[in-house]
Amino acid sequence: MNLMIIENVSKKFGGIAALKNLDLAVEKGRILGVIGPNGAGKTTLINVITGYEKVDAGKINYDGKDISKLPPHVRARHGIVRTFQIPRCFAGLTVLENIMIPVLLRHSRGEAERRARSIAERMLLGDDLHKQAETLPVGGLKLLELARAYAASPRILLLDEPMGGLSQDRMEPIIRLIREMREDGLTIILVEHVMKAVVALADILAVLNFGERLAHGRPCDVMKLKAVRDAYLGEGHA
Amino acid sequence: MDYISPTSIDARLAEEVALSRNVIALIIPFIILFPVTASAQETFRIGAPLPMTGAGAAFGEKFKKAYTMAIDEINAKGGVNGRKLQLVIDDTQAQPPLAVTSVKKLVTSDNVVALIGGWASGVALAVAPLAQELRTPYLLDHPALDDITRQGNDCVFRLQPTTGMYSAALEDFLINVVYERQKKPIKAAYLYVDNAFGQGVAKYGIMPFFKEHSDRFVLGVCEAYSEKALDYKPLLLKVKNASPDVIIFTSYLTDGILLGKQAKEVGLTAKLVSGTGAGHSMQDIYEKSGGAVEGYFSSGPWHGDVTSPAWKKWRGDWEAKYGYPPGEHEIEGYVAIQVLARALESVKSRDVVRQREELRVGLKRTTMVTIFGPVKFENFDGYTNQNRAYNLTALGQWIGGKLYQVWPKRVAERDPKY
Amino acid sequence: MLLSSLVINGLFTGLIYGLIAVGLTVIFGVMRIINMSHGDIVMLGMYSAWILFEKFGVSPYVSMFLTAPLFFLLGSLIYEILDPIPLKRREMSSLIITLGISFVLATSAMLIFTADYRTVTLPYSQRVIDILGTRLGYPALISSAISLVLMCLFRLFLSRTHIGRAIRATAIDRTSAALLGVNVKRISQATFGAGVVLAGLAGGVLAPIYYVYPFVGSNFIIKAFAVVVLGGMESVTGAIAGGLILGVAEALGGAFLEHSLKDIIVFVLFLGVLFFRPTGLFGGRERNR
Amino acid sequence: MKRSSHRDLVALLLCLGVLSLLPAVIDTRRMPYLFDVLFSVNVAVLLASSWNILGGFAGQVSFGHAGFAGIGAYAVALLPHHLQWSPWLSLPFAGIAAMIAAILVGGIAFRLRGPYFALSTLALAEVARLVVEGWRSFTEGTQGVVIQQKPLYLFEADGALFYITSLWLAGIALLAVITIGQSKSRYFLHAVGESEEAASALGVDAWRCKMSALLPSAFLAGMAGGILALHTGFLDPESAFSISRSVEPIILTVVGGIGTALGPVVGAVILVPACEFLRSRFPTGHLLLYGVLLVVFMRFMHGGILGMVRRKRL
């Protein structure tokens, strides 16, 4: 069953099309990997799904309902939660408090703190609970971004390059965490540049180019397509 | 709840409470000791809430000079009843809320026997009821808005005419000379500065006049303008478009300068252009507009017979002391101190509260002639303690860089160029 | 006829508004500092023009360039005060510091020059030229023309010279600029200096057409903010456009509304622009925090 | 959590109670100047705390609090003027009027971020001033309105009454600050202030959150303007909406420590008497000294006085 169906969505910025008649669907409990060269419309896709940009045309169906008119925080409350490519921690709050923010929307403070702690432990932030968030290194910030999103009790999680800018050994735990989330039944849309990670994680892979869907299918199949190799992998993988 | 994270907001709040408690505890003794009570005084202190900083500072400075000169002269002659006068200035920045605090400080902490000045009408409106409440005589020497002496405050005295009187000489001239010569309805335009002074002159002076004489005068463009604008040309173009015979301005100094210059620039002329005192009677307007106001009239409070020897001598003294010729502010301030000094002669007690009451009675009884005319505070037509004796305005004209009195005829220095 | 005169007038005044605002824009763009002392530096520019004119008879249009180095020095000194403050705190701290500097400058001017109003009356101050049926005084014309030239030169300086490009790089991203070998502190200091010089030049341009007194700065500061925001906070072109729009709006407002209410048009226009373009006319998309 | 908020409340009430007794110890009639300075401190605490709810907690720096204060002041001046009410009874309407204006301000300015927000609030305050100046038949325009400080039934409108009223208003402001400071919403406000996008991605309704800070902030600012106008007894648009009234709470809050709950109190208690002292001692030069004081202060204490609390933590 598809949890989210994107139908014929278009989005233009000042005459330049960022998304062009895009169709995509994610099945419940699966990971959809989205790849594409810079400017292919990946982040725009996340923005459109989470409500940060309004669609010019098309529909976004979530759990059977069209959500394309709802503001971001309402979508988030319905379980559509995103992360940002550049981590946006709440400076001035501790790591624990950062994670508490979404939990506080639903629970009392004591309960929120308890839950946030357990999420932090799980997300490998247990040692940094009382550090000021802005003092974390990049890797920590990426983890915090993920932990905070997870704390918002998502049904579908949209990850914008969760591994961007990380070294190999720092990626491993994140890959493991994402896989665990999937095993918990979470649906995930993963936008990522790091090929290895996407191939390792995604159930279905979509390739965007100039806002259009270039290919769609099982990762191993998609990677074999010539068009994909030309458009995206050309330099990096040749 | 059993644990509070050490950097959580609550913990921080607790620390803040502790820290601010210490800081405040440290400060409080200073605040309590703050107002210094003046020692028993051998002088008469006169409190002047004036704008010494901010946009009105130039005028605060003028009054400070005028008061200082008068007080120095009186003290040189031994003061009043053997006591010297002493001026205490407090900066109001021309802001009524600050003026209120200033006055409380002057009255209760500096123990002044009288209040003087205030410059702006808004300040005086706030100070007057307070002076009344504190039973301290307040002598106004410049704030002109009519309402100030219409509140029945017996501690509030006003030396100079009110805004409603400013334009009297001009109105007289318009009817008796301008209309008589043309013999058909005259088109007029009126621009006034949008502040208490401008609104006052418009409301109590110019507008009622044009309403009353609508058979002879047609008031076309009639607008309040903002005081600090950079460009008045749009406004002046609008006036030019209506091609009036008579243009009247009610302006302060800076706006008056720009209006004069820019009227030249857009080529705005009329048979008669007149200001209503204030900016247009100040020497500065001629020099700083580069002579653009040559030929302008100005109808304002009469500041004495400028041809009299006493006036000329005073003018000479002023120029010798400060290096520039005095204008309306300077003479108002100077005379105000003389009036206070005269009234202080009847003050005999040593207790400041009683001194104030004696001074109030003394002011009420004062009848004197100063260099700019007679002074007597009277109650009439809803005014209280308003000096009526010189309820007279004169029309001046800028001719060759000097403002000559040209109307009414009996005080004219020369004939108007019209 | 009246309309064309109003628009022409508005455009000429707008150029001067633009110049007043450019300095504010460039300082904000590069350092995210709102320089509250900007108006007072304009005031200093006017006083220096006045004093050189009174004492030595130097035309403000000449003296403004002679004193420019002093203003650069002043700007660099102010920056020295701000520099040690950590970036995260700088936005608010610098607001208070520049405000303090504004008090210091205005009061010092009062103690030095007294509170009297001063004007510069040039020999040709009453000469008038006719442009398309609109009469303009020589000083107004020259001031506007110099403003335009200065703004264009500054624009070219930013896009064509090495330092200019370094300034723009710093404005876009401090960290990356530093990585590319830009000495960010130097560039910031130079930018602050440049912003202050522009304010001083604006003072020189204003001196012959306005009056000066120690607290005159507050007359411009709100308008300057309006121009900066209209244009988009970081863009020099935006400041020019914002100035022109403000000038014309004010001229039309002053003629068709009551003059004292003309600013309502200005601010409603201002809010209207922001409503549709939340980052001003020429502002980019917001930078991520 | 409950216990600590309880304790703070008791401490606050105790403080207010003790300070309320001051007029019984010191005769206000003999020292009205002292009570005026204390009144100014109270109003400054009120205004700065109100600013702090929006600017400090929610990170929305406003340059337009003079607008709210001015509208509140005009409510106090015009209700008695047109309806012959007691000015004291119209005081609560100062807050309500400012709050109504705030709904409008939120609608327009909350679309904007950072400096754009700040400067648009400045513009809105200017619009409010111009409307008051232009609507002469209703507001008396630039000529201003005289407010009769009619006695409040049993009391006289003297220094003690103003002192105690302003004290309790400041107390209410502190109560609001502490309540918000200890509630969940302070976390949301902080989050929205740091990054609106990130907060709404987690389900926080940023607009409502900002509005929930703006409304009490505007209410308190309106009350500050109202009581100040009542105290002055006269109101004109220039002083009611003067930009310095927008700037003052920013100075007090930043010097006291931005983002802290009690910074504005510390800032007001130190700076207001200092400023008054300088003004009364140096009528012409006081702004110079005040300016130097601000520069030196912020140069060496960037986080403000209470900012030290945080620095220690880092």
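A, B, C and D label the chains in the order they appear, each numbered from 1.
One rule holds in what follows: a residue touches a chain if its C-beta (ideal position, glycine included) is under 8 Å from a C-beta of that chain, and two chains touch if they have at least 3 such contacts.
Note that this is a predicted model, so its numbers are computed, not measured.
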Per Cα centroids, the chain farthest from chain D | A
Which chain pair is joined by more contacting C-beta pairs, A-D or B-C?
-> B-C
Centre distance in Å when chain B and chain D are each reduced to the mean of their C-alpha atoms | 32
Geometric centre distance via CA averages, chain D-chain A, whole Å | 43
Going by the touch rule set out above, which residues of chain D reach two or more other chains?
-> 1, 133, 142, 187, 190, 194-195, 284, 286-287, 310, 313
Multi-chain contact sites of chain B, meaning residues that touch two or more partners = 1, 7, 9, 53, 194, 224
So which bits of chain A are touching at least two other chains?
-> 88, 91, 97, 109-110, 132
Which of the residues in chain D come into contact with chain A in the complex?
-> 1, 184, 187-188, 190-191, 194-195, 197-206, 259, 310, 313-314
Any idea which chain C residues touch chain B in the complex?
-> 2, 5-6, 9-10, 13, 16-17, 106-107, 110, 114-119, 121, 125-126, 128, 135-137, 140, 209-211, 213-215, 218-219, 247, 250-255, 258-260, 262-263
What does chain B use to touch chain C in their complex?
-> 53-55, 57-58, 60-61, 191, 194, 223-226, 228-235, 237-238, 241, 253-254, 257-258, 261-262, 264-267, 284, 287-290, 292
Chain D-touching residues of chain B, taken from the complex the two chains share = 1, 4, 7, 9-10, 12-17, 19-20, 23-24, 27-28, 30-32, 34-35, 50, 52-53, 89-91, 95-98, 100-102, 104-105, 107-109, 121-122, 125-126, 129-130, 134, 145, 147, 151, 194-196, 198-200, 203, 224
The residues of chain D that touch chain B in their complex are 1, 4, 8, 11, 30-34, 36-38, 40-41, 133, 136, 141-144, 146, 149, 178, 181-182, 186-187, 190, 228, 231-236, 238-239, 242, 257, 260-263, 265-266, 269-270, 273, 276-277, 279-280, 283-284, 286-287, 305-306, 308-310, 313
